[in-house]
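For reference, the structures are reproduced in the following blocks.
Two complexes are shown next, each including subunit A; its partner changes from subunit B in the first to subunit C in the second.
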Partner chain A sequence: MSAHHHEAVSVEEQFEFTSESKRQLAIGFGIGVVLVLIGAYLLANGGGGHEAAHGAAAHGAEHAHGAAGHHEYKWTTRLWANLWTNSIYFTGISVIGMFFICYNYLAQAGWSVVFKRIPEAMPAFLPVTGLLMLLTFFVAGHDMFHWTQEGITDPKSANYDAIIAGKSAFLNTPFYIIRLVIYFTLWYGLWRVLRSFSLKEDLEGGTEYYEKSIKFGVAFLVVFAITSSTAAWDFVMSIDTHWFSTMFGWYTLASWHVAGLAVMTLTVVTLKERGYLQAVNESHLHDLGKFCFAFTVFWTYVWFAQFLLIYYANLPEEAIYYRERFSGYGGIFKGPFFINIILNFFVPFLVLMTRDAKRTTRVLKVACWSIIVGHYFDFWNNVMPGTVGEHAGFGPVEFGFILMFATAFIWSVSTQLTKANLIPRNHPMLEESLHHDIA
Partner chain B sequence: MHITSPVRTPLVTGGKTYADVTEDICRHVEGKPTKEWKVAFTISLLVLLYGAACVAWTWWEGLGVWGLNKTVGWAWDITNFVWWVGIGHAGTLISAVLLLFRQKWRTSINRAAEAMTIFAVLCAASFIVMHMGRPWLAYWALPLPNTFGSLWVNFNSPLVWDVFAISTYFSVSCLFWFVGLVPDLATIRDRAKNKVSKYIYGALSLGWNGSAKAWARYEYISLILAGLSTPLVLSVHTIVSMDFATSVIPGWHTTIFPPYFVAGAIFSGFAMVQTLMLVTRVVYKLEDYITLEHIESMNKIITLTGSIVGVAYLTEFFIAWYSGVEYETYAFVNRATGPYWWAYWAMMTCNVISPQLFWSRSIRRSVKWTFFISIIVNIGMWFERFVIIVTSLHRDYIPSSWAMFSPTMFDIGDYIFSFGFFFTCFFLFSKYLPVINMAEVKAIVKSSSEKLPKKVSGVAKGERVSAPTFNKDAQ
Partner chain C sequence: MAESTGKFLVGVYDDDDVILEAVGKVKQAGVKIHEVYSPFAIHGMDVAIGHPRTRIGIAAFMFGVTGLACGLALILWTMGFDWPMIIGGKDPISFPNYVPVLFEMTVLFTAFGMTFTFFISNGFGPTVKPLLFDPRCTDNKFVMAIDLSKNKLSEAEIATVLKSSGAEEVSVKQV
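On to the complex of A and B.
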């Protein structure tokens, strides 16, 4: 019973964001910028993509209604589509930090308190992704969102599309921007409230901030119950403007959630390996592993239910979504389609199956990386067909943007972690968490 | 060493010792049936007899005695089936999912909830068999090697998946329930005063000896069964939802159905647990074990799942409009404003609005309100299935095929049958088996009591223990 090591552990820990780490992150970010520039240069000169796909475009007759079919393709769209994909992915990871804290408050969970500062640090990145999304929408909205096209709701226009016109009460630029701003304001604003309670609790103690946090946490959950779905429609589903699926909101939430859990777990493991969070024991890791495992299965459940029902009923207006990703655009999305399922289901499911696996940091890292990379593919595969179609691919641009976002996100989380004691020392459930032992 | 934070509310009140727990719960199994019990049992038996007569006539005469017509080919039968299956979700959710989440408050409600699950699943199965019309051919639903030529079940049909999902779920739920009963059955065996009960409870307790090894195995198998039941409990209503969602009927074919049905099932299941536990708690004087904290926690889950269902209703409605598919849009507008508007608004009021009352702390801690809303929720969840099934069917693609459904006395009588069956089973359970898991409640006495007695083991009361008649020769 290796878990029974209950010697007194110190709860006083200060995270140090070393200049060495800063230097490495800055270099990583710089490499990302360089890669994007190289990639952009190649794209502007007609290279760097999967141009072979052009030859097979004839096979993609099914996607005649795809966005790419309606207007001239610009090479810059691929840059913006990458910015968009990464922004929604990292928005999700950040906001899941808040989601995790809030449902832990609501459920009166005690075990998770010791590493609470990690999910608490994640939402600080939201303004960055929010502003980038606004920028992307303003600059490149017309190239990415079919419904923003000029005259699309005008029966006299050549661009007129009756189905999209029918959606214009929801899909119109002013309302879209209002919604986008509301999401980020509410998510980030409520996080600021909870964060300030948490920091004050550290200094003042007592249960007052705990009680308040429950109230505001529940308020966030109510907000998120609605906005997580509508945001998924706005950010992702509206790209394939004709297409619809009632599951899509919860499917995106499931994807965000498990990716956020994997980032949290990976952060806890990494900090522990660097000598921080010594109060985190194998039982905490085991439970984090269970969360990753369980919500891997949940994502797969939602993914599969959506796929199966559309496949089974085979209604053309629904099945087109998978057709495009399976055989459309010369079949370039077929690989990522399967990579998505392998990395997001088979790898974490098999790797995290046993008890000991969830208690072994190296195994946890394998599973978490698989989930994190896998869900990037999930979003990539949902964004790219409708935005760049056969021009999609994996080149310097993709890797560059990932690197830039990842380093910036790590920077943001690290900065937040320095702002408070690494363990919430006055949380009323802390003693439970320090003695967490599930053998 | 486990630590319980002082901000946690107690789950056992009245300063109970281990001996008190045994005594308070065994009392009802060991005593003579009370007058109230006899009256209630007789009533449910009479209801069962009436219902059984209706079912017998349904089988004898054929399904023509129901109000079905060529447009509405499924109505109360499948509504009742889905309703009961849904109710049957809470037991496993409480025992399995809450065990995995280490929720201590599950210990005093899991036993009765699991029993309820088993009876509810049986009720649900009865409607499947009923609507087959020829129940003696029910085994045709199983992929058995047969001599009828190439006759084989259609594996592509979600109705066949249902057969597998529900029978597996039923088996695992029974197993889970029985394994949890073993230590308690052994306690009753050891206290038994006559040979018959000693024999019966002795046989059922499988030679349980309370050794450390037996407990270790008990905990181990509980975890394994919990791990197995969790995906199972999700799969059952997922597949029930696919009975509808794999079709192309507007209002049925929608991708959110699987998780939305599961949430709705948990919602109705918890409401039924509340209804039953609130009565049991008063009749058996178990207020120290099923406290207001338990009731409040269950109400929170009812609010959560009710809100999830509410989000799903709104999503469906929104996407029906957003899709621009005329049939879809019509199906939903017709639900809310067509001839079945009353069913739709009954569903909305009962399922989405009424659980929001629980945002008020005083309402969710009020026994009367809780009881009232638990009934309301169950009514609402019946209407939800009725709305989905009947309103989607009654407007066929050709207006000349449009029809309404009106139930006959056999639709109603066959539904009454399931109530008679359910309550007969539940009353038998509450008399002959311990309604609360004594062993597991004892496991939380130390950590979660309001005030601990000086000696937590307590002293066994009564002559059962001081002068056992039969359990001496066991040594």
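On to the complex of A and C.
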């Protein structure tokens, strides 16, 4: 049986982050910066003289609006909205690495141990996205979040909005910032704990760190059960302040989860193709493929459940969310709306359906890329209508920001991978994982 | 599985690892194995025996597609044509409304289809008496059955092979 082949596989592997890779990533990041600069220049000049002048002046004077009692669009909002979209997307992918490790500890799963270092490397990016989100909120919060506007809870103000005032116990700036800091501190802090256990286990062995990891892993799951929902309300849903959906926490978690799984799978496949992780066999790939397939369906289920209820009930305050995306702003969101469903459901669902597909690296890569690109659209479609509306689009700014975030994320993961043996050599379940065989 | 009658040689083993290795040894000695019976699934056993790959996934897909088609026919005809109804201000024929029905019918047909496939392929039925070479294979023993009519080696030779591969008992059974 295949079990006999494993003796030849070495568990001693050191990932090398080559200077060539670093150079390529640096160039990619540089291209991203250039694209954003070009895009910003085009936006600043393309929006008409008045708007451009206003935008340039707006950098230092965020509170300048309000004279007309209305929200005036600044071209810089599109930059901030892009920064926000990418930040929440990569926050999700990063934190899902932690989520994956923790539920594997909770289930005492053995099969995933051999590639555990990959999800373990992902959350290191969290401080970057966390700080960028804080920065974005401080600088451009007023342009993106309706509820942060001055006087919105003051009945005497021209800006007063009774619905938003009713939500102000939760949606107010101090509490929002506290929550944001709490999320990132807890997620990143607990990851640091688990990571240090994992590295110590590599040196010392034994089951002590395994037992401890289960405890802290479960603690994270409890934390994440609450914070994943509230973070979804804060990061995404609060942009459309009047609107709410009770499905939204699940919906965002599902989106993050499947995107994180796709990134993880793609990383494992890529490393294997480059000669690392030879201990990862077809059964591991098959199970990773099943994860991607299953949570593709789960995301679609949540997406559709949210849609169907709102569609059928047809209450104006709920249906506005889909109206904006379907026919609002000149219909510019209709394309991405359908791309979202095609890339996130139909492509991975049909491509990954058979057993052999999940064991074929080329097919896995197609499905993973579809999911990764698709869920960018998912978040883009959630953030853009409420922040930039008819000024949204796909230009140099969008591609530049994606490139910057992607290269930085790959850099962060690669750096983490160099810090330890690529296979957790003293994990008590390693032997089971090396012999993983689901036929 | 297959409907066979005739003389069988039945080897009883005590351990799943032993019988998994025994399958290889018996095959190497040139003996054709009819089937292996076990109280639980043994990883790698179907590959070891050399059974052709299961087509159960294809069957499930076909049942699902049939359910989808039937569901679509049902809801289109009843809701759209035979007695058009406007519910919640939606057109009688509007796809999002249909999705739950289509989904449920797909699942229903697949579930029933797979259940009946399981019954038929295992020869289960209300009046059928299941073929059991040794009832202990439902408890704590592992049983290998050899169809003597399909093997060139003699009964005594095969019995020796089974014994040397780790069988605790070897007996002849007429079915």
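Rule of thumb we're sticking to: the second predicted complex is superposed on the first by the 408 of 439 C-alpha atoms of A that agree within 3 Å, B and C clash if a C-alpha of one lies under 4 Å from a C-alpha of the other, contacts with A are read in each partner's own complex, and residues count from 1 in each chain.
Operating definition for what follows: a residue touches a chain if its C-beta (ideal position, glycine included) is under 8 Å from a C-beta of that chain, and two chains touch if they have at least 3 such contacts.
All values reported here derive from a predicted model rather than from experimental measurement.
Novice: Using the superposition on subunit A, tell me whether subunit B and subunit C clash or fit.
Specialist: Verdict on subunit A: clash between subunit B and subunit C.
Novice: Of the two partners subunit B and subunit C, indicate the one touching more residues belonging to subunit A.
Specialist: Partner touching more subunit A residues in the overlay: B.
Novice: Is A:226 touching anything from subunit B or subunit C once the two structures are fitted on A? First, second, both or neither.
Specialist: first
Novice: Quick check for you: in the superposed arrangement, does A:244 touch first (subunit B), second (subunit C), both or neither?
Specialist: The answer is first: A:244 touches subunit B but not subunit C.
Novice: Can A:437 be said to touch subunit B (first), subunit C (second), both, or neither?
Specialist: Both partners.
Novice: In the overlay, answer first, second, both or neither for which of subunit B and subunit C A:354 touches.
Specialist: Second partner only.
Novice: After lining up the shared chain so the two structures overlap, which partner does A:312 touch, if you call subunit B first and subunit C second: first, second, both or neither?
Specialist: both
Novice: In the superposed model, identify the part of subunit B that clashes with subunit C, out of 38-46, 200-208, 290-298 or 398-406.
Specialist: Of the stretches 38-46, 200-208, 290-298 or 398-406 of subunit B, only 200-208 runs into subunit C after superposition.
Novice: Residues on subunit A in contact with subunit B in one complex and with subunit C in the other?
Specialist: Common to the two interfaces on subunit A: residues 308, 312-313, 437-438.
Novice: Quick one: in the complex, what on subunit B touches subunit A?
Specialist: Contacts found on subunit B: 1-8, 100-102, 231, 234, 238, 242, 245-248, 253-259, 300, 307-308, 311-312, 315-316, 319, 322-325.
Novice: How about subunit A: which of its residues touch subunit C in the complex?
Specialist: 1-3, 304, 307-308, 311-314, 353-355, 437-439
Novice: In their shared complex, at which residues does subunit C touch subunit A?
Specialist: On the subunit C side, the touching residues are 20, 43-44, 46-48, 57, 61, 88-90, 96-97, 99-100.
Novice: In the complex, go through subunit A and note every residue touching subunit B.
Specialist: Residues in contact with subunit B: 6, 106-108, 110, 162-163, 166-167, 170, 207, 210, 222, 225-226, 229, 233, 242, 244-250, 290, 297, 301-302, 305-306, 308-310, 312-313, 315, 317, 428-429, 431-432, 434-435, 437-438.
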